[in-house]
Amino acid sequence: MTSSPDHLPTMARSSLSDRLAPYGPILILVLLVVFGFLAIPSMSSWLTLTVSGLAMGMMIFIMASGLTLVFGLMDVINFGHGAFVSVGAFVGVSFLLLLQHMTGAPSLLLNLTALLVAIIGAMLATGIMGWAFERVIVKPVYGAHLKQILVTMGGLIVVEQLIIVLWGPEEIYITRPEALKGAITFAGAALEKYRLVAVGIGLVIFLLMRWILRHTKIGLIVRAGVENGEMVEALGYRLRLVFVGVFMAGSALAGLGGVLWGLYQEVITAHMGNEVMILIFIVVIIGGLGSVEGCFIGALLVGLLQNYVAFLEPKVALISNIGLMVAILMWRPMGMIPVVKAK
Amino acid sequence: MLTKLLSGDTPRSPVLAVLLIGILVCLALAPFLFPGVRSVDTAARICIFIVLVASYDLMLGYGGIVSFAHTMFFGIGAYGVALACTHLGRGFDALLVGSVAGALVAATLAFVIGLFSLRVRAIFFAMITLAVASAVAVLVSQLSAITGGEDGLNYRIPRELTPAFKFADGQILGARLNGKLLNYYLIFGSTLLIFLLLLRIVHSPFGRVLQAIRENDFRAEAIGYRVVYYRVAVTCISAAAAALAGSLYAIWLRYVGPDTTLSLEIMIDVLLMVVIGGMGTMYGAVIGATIFVLAQNYLQALMSVASDALTGLPVLPELISADRWLLWLGVLFILSVYFFPTGIVGRLRQRRR
Amino acid sequence: DIKIAHIYGKTGPLEAYAKQSHDGLMLGLEYATDGTMEIDGEKIVVIEKDTQLKPENGKVLLAEAYGDDEVDLAIGPVSSGVALAMLPVAQEYEKLLIVEPAVADSITGSNWNRYIFRTARNSSQDAVANAIALAGEDVNIATLAQDYAFGRDGVAAFKEALEGTGTNIVHEEYVPTDTTDFTAAAERIFNAMKDVEGEKKLFVIWAGGGNPMGKIQAMEPSRFGVELATGGNILAAMASYKDFPGMEGATYYYYENPNNDVNDWLVETHQERFGSPPDFFTAGGMSAGIAIVEAIKKAGGTDTEDLIAAMEGMEWETPKGTMKFRAEDHQAMQSMYHFKIRVDPDVEWAIPDLVRELTIDDLPIPIRNK
Amino acid sequence: MSHPILETRDLSVRFGGHVAVDRISCTFRTGELTAIVGPNGAGKTTYFNLISGQIAASAGSVVLNGRNITRMPVAQRTHLGIGRAFQLTNLFPNLNVLENVRLVIQSKAGRGFNMLSMASDHDDLTMPAEEIVERVRLTGHAHQPVSELSHGNQRKLEVALLIALDPLVYMFDEPTAGMSVDEAPVVLDLIAELKARKDRTILLVEHKMDVIRTLADRIIVLHNGALAADGEPAEVMASDVVRDAYMGRELEDG
Amino acid sequence: MADPILTLSGVKTNIAQYHILQGVDLDVPRGQVTMLLGRNGVGKTTTLRSVIGLWRAHEGTILFDGEDITRRPTPAIARMGIGFVPEDMGIFSDLTVEENMTLAAVSGPVDSARLDWLFSVFPPLKTFWKGYAGTLSGGQKQMLCIARAMIEERKLYLIDEPTKGLAPAIISTMARALRELKAQGASILLVEQNFAVARALGDGAAVMDDGRIIWAGAMRELATDKDLQERLMGLSLEAS
């Protein structure tokens, strides 16, 4: 028996809005799709726009997921993330060009194998690059946002220039593997095959990340380490190792995103990664820094909204993403699913 | 007296003092020391960027506010002068109206953004400013009838400020005595004035509050400072100063365009200048702007010399070729943050302790 | 010595164009001087300056070239924005600027001054040539362009050129410049065209990356009988045209299309020196180089007024055949090439087979500098 | 004891479903020192947060000098006379000790928006700051950045800031926690001095019974967010609530 | 007595240019509670941090369980079996209570029997198990921090002012918990300002001043000898 006083806090019933709050982001997504359905007169257009919007969102998610991981877990603002996307694309495309006999053949299996090889190659390359990046560039500036912005920006420039030195300044044009060209028509709507592959890969990545973050300690160690690294070390974890690992994983994800994005664009340049950075940042921010789920939903929202708006009122598409971000931040100033709650 | 002028912020390091005096002398006498279109242009740009960077440092280094919209304010000032010159005709009144209007618009916009979004976390504020800045850039591009769109605007400034106006014959030390010279001294004088003013603000009681807010805004509020008001105030001041820098730039260039005044690239340059020089030390702006603008203008030339010297070796000339100057600028980026974590000014002052 | 400044965006996103342009310029000078690089015993010296694609740099570099380096004339730049900033400097220093390869109409239009000549084609030439290539009775065209001044002007010029040809413009679609997903635009276009009778074409005017052609093709426009059409591009970009066999349009230059001595020399020399055929911007650079030599020879020196007098109305031979500086706006009138795409698996890019050379007389280009 | 200066009426706050402060109504008079006790998590700090404005109340009101301040921002309450020292040290870590105190005095003097004079010229601010640093015996550290102070000295500075603010209502949240046995009296003496002035209201959260015994005029007990007892020290200390919920068994020697 | 679990000899630690520890010699006997006492700012915290390796001793040696740990990296030291409760608590406020505890169980999943024991000592942890640590009250944070160090068995606990901010009832239960720990065979080095607690818990005591240990001996001796207290700490502790 101990003599601790019983302390039972007074609990009040939580209201409906309190209980609905966690599902808010999903609800918005659903509402958006319904809105699209009501606003778009043609059923087939709606289907085309919805599916391709979701697929676009999925590609953005893959590119953004690495950033949100590094950003949210390690509190590192990596403006150089775009460089990894570019490098991923260049390495991946180089592999695909080497495997032209496989990509040129009209066999889905051969095509996908080639794609897989390209992806693995790109992820390895960007992963290793991430290791170097962390060692040389990011390590001295943990905890200092501003310096991170600058240093990673410097890294971005250097990597872009190195790409130019290695691959030359010209844009490289490529075509998708044979079996991934064209679209499947379904109920009068054209669903691009390539986008369907992107949806598959995106889902796998999402589920995998979720599982790792929920069921292993890595997420905890990193989040705790950002707040108080000394204490995590004093608990017995080799924080540096974990940080490097997470950074490499984030970079490899960017590389994967780069391959997919490069194949989607069918043209790659050294600056391609940086050009999507604003979009990626928007997704990461509206999702809530560090939240994989938020990033996922945010990316889908962006993809869908962009398509709907561009269809309904192209002028507005100029600012639809920015508008979305501002609106979401007004509603939830910390993003849709904030990971960092206490202060 | 001098200390008063500098608001009590003496360089506190002999090396720094020498550097600053050197820069001051070089800028003050630039047209005579380095006659030549390019070098005088570089000097003028250094001046303008000193104002821009110092105004940014006020917000960032002292206010602890990260904003990506600073070039937007810069652009507003520049477009203010450009539009006034286009519509009011050629005259000093147009310059004045343009500058004042630009500064006012910038401050107002800063006020609105600040009021709405300075309550959210710093990083979100940064992103919101980024969004607003890109929205403004889109707007400028869309309103091409007024702003010239991507092509920008060419316009005429008072004849007294152009090379065509010769107020005396002949040259002094290679400098032609024409309106361009007057234009340069207009820029230089304004820079000096604005810089000293900013220096004073930083060392005023207001500046101290800013510092406190940057350290711990929660506690600053608890000892009686309305954090939001101070943040909004500093954003406005900083925006107005940036707009003035933009006006000076517009007067100097006689051209404005989105790439020249609104691009994110300039924003990053400014950030870098602040950090190289030393955040939260007004003098850092001077050092940072000087070094960076010089590097931007002359790194390429320097590299082509180096690359010529290395022809024949494998890969190296390719890496050092003048076309790869950006690569080395990037390396400079990284190294400067690495070796001058507190900026050059911070480093110099520290060594003395 | 004869000093010439080449001021262009050597570094930055347009690096590849810049290199072609410069190589072409040097080849042009070489060709026109028979390899001596001298005109009447005076050596030609070319100074290169990099604008980094920044207008403000273009301005000061040009001023430096005229003022400090005392060049006789200048050439450049790659980007129209930079060019527009540079125009007043030429006027201020009263020296020549030959614009190559920036295309904006306003360079020899509303922002023109008498010190400006342009060897490059302007957007109208592109638009008119494409209009001729696509026009026909019972042809219905939708356009897709970027939503800013350049895109809208291009479409306007294209429409103007189509007037009276019996061709219908069914729909104009404008999308933000940085668009990467063209699903919505394509849906709108398909919806607009699906019930139209007759031949249906989608004409794409696009500058910079994010080329929409492949993405729209992936949505199978053939379902609605819509064919894509666009102008020519650099060879690397022509690789992606392989998905469009039979596509028609008009191009500014493809090395197999012109048939003249200058071009033969260019193709041969370029292969020899660089191991590749000359590209889109190489020809323009060369035209400018030859123009300079011819003009100086004709004027008998480098005095600006003499040069202007010599160049107005001057005709000279280029890889694209005879060009002529129109006296009114100093724009070089030149041929364009109506092409049809052929795919040859052994060639890295799609081949724009010549259908018809559109000569100066075929192309009614409006004068806009008044 | 004179007129009531501060009053809370049915003050409550909820975090999600958890009612952390539950309808507390209480009046505080000028010159009185009220000790607030209660188990950890009873809501003492939260009650303070509601009064000084760090947290917005879910229901109820705070009245200062007859004026309803429930919806006012923190800074404005501070100017009206509510001052607060924090339980977890909360200072300006990279400024030195003197500058920390000076900032408070400057705030009181209302010179925050003075932009065109030099801060170092304001001797009328610096001198009182030096005096207060002296009073908490930190003179030796006056020019040291706060981050370099030991924990105990940071606690002293925390109290110094409140003294510099000199509000009508002083709120101390465990001021002596982590202070060594020979340093704590410095702070306790300062509080005693304030009490002796009779023109200030003092609220004190404290877990150390001996401190409460010597200083308090009145004790209120919070438990599970609600007011569980209110009255004379001796009487409250003897009550069952306090015995059961708070004191537990006395520490026996091992 | 048996060999001490922790021995510091001649440890000198500098922070930046300040010489904080000026040669600390200290033995922590196995299976005992050793109190580290002294005025504010004499270097108690610095001593603990030097042991766990968060600050580096520039001179002298630190032996733990017979091994020299002076130059080892912090995680390695911790994994040898040292639990550390820092002065500023070092809780992870962005993690929930549960996550804080899970993280502290370095060698595997949380042992539920041990967790139940901790819940009985610190009931609020159970109540707020899913809540963010940053929203806990000051005392609750302190409890979490101590519980976190105890979640797994350790050979030695370094605890910096654990009772600061705890209500008397909790202090007494915590004291019990520490005694139970000791009964399980753990050794404890405890910095404490509350002399009543020190007296109740301590087997041995060491008093610091100016970066040195100026007295070490049995707690009982210090507790009963008022003169000694006066001499070491400048006042009589009995008063409180």
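We call the chains A, B, C, D and E, going by the order they appear; numbering starts again at 1 in every chain.
Here is the rule we use: a residue touches a chain if its C-beta (ideal position, glycine included) is under 8 Å from a C-beta of that chain, and two chains touch if they have at least 3 such contacts.
Quantities reported herein were computed from a predicted structural model and do not represent experimental measurements.
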| item | value |
| --- | --- |
| Both-way neighbours, i.e. chains that touch chain D and touch chain A | B, E |
| Furthest chain, CA centroid comparison against chain B | E |
| Of A-C and B-C, pair with higher C-beta contact tally | A-C |
| Centre-of-Cα separation between chain C and chain A, whole angstrom | 38 |
| Cα-centroid distance, chain C relative to chain E, in whole angstrom | 77 |
| Distance between the centres, which are taken as Cα means, of chain B and chain A, whole angstrom | 34 |
| Whole-Å separation of chain centres (CA-atom averages), chain B against chain D | 45 |
| Shared-contact residues (touching 2 or more other chains) in chain B | 138, 142, 324, 326 |
| Touching two or more other chains - residue numbers and ranges from chain E | 124, 135, 169-170, 172-173 |
| Two or more partner chains touched - positions in chain A | 3-5, 7-9, 164, 318 |
| Complex contact set, residues of chain E against chain A | 52, 54, 73-75, 78-79, 84, 86, 90, 92-95, 99-100, 102-104, 106, 120-124, 127, 132-135, 169-170, 172-173, 176 |
| Touching residues on chain B, where the partner in the complex is chain A | 60, 66, 117, 119-124, 127-128, 130-132, 134-135, 138, 142, 268, 271-272, 275, 279, 318-319, 324, 326-327, 329-334, 337-338, 341 |
| Chain A contact footprint on chain C (complex, rising order) | 13, 15-16, 19, 147, 173-176, 178-181, 183-185, 187-188, 191, 209-211, 214-215, 218-220, 223, 234, 236-237, 239-240, 242-243 |
| Chain D residues within the chain B interface of the complex | 52, 54, 73-76, 78-79, 84, 86, 90-95, 99, 102-104, 106-108, 111-120, 122, 125, 161, 165 |
| Chain A residues touching chain B - in the complex, by the definition given at the top | 77, 136-137, 140-141, 145-147, 149-151, 153-158, 160-162, 164-165, 278, 281-282, 285, 289, 318-319, 322, 325-326, 329, 333-335 |
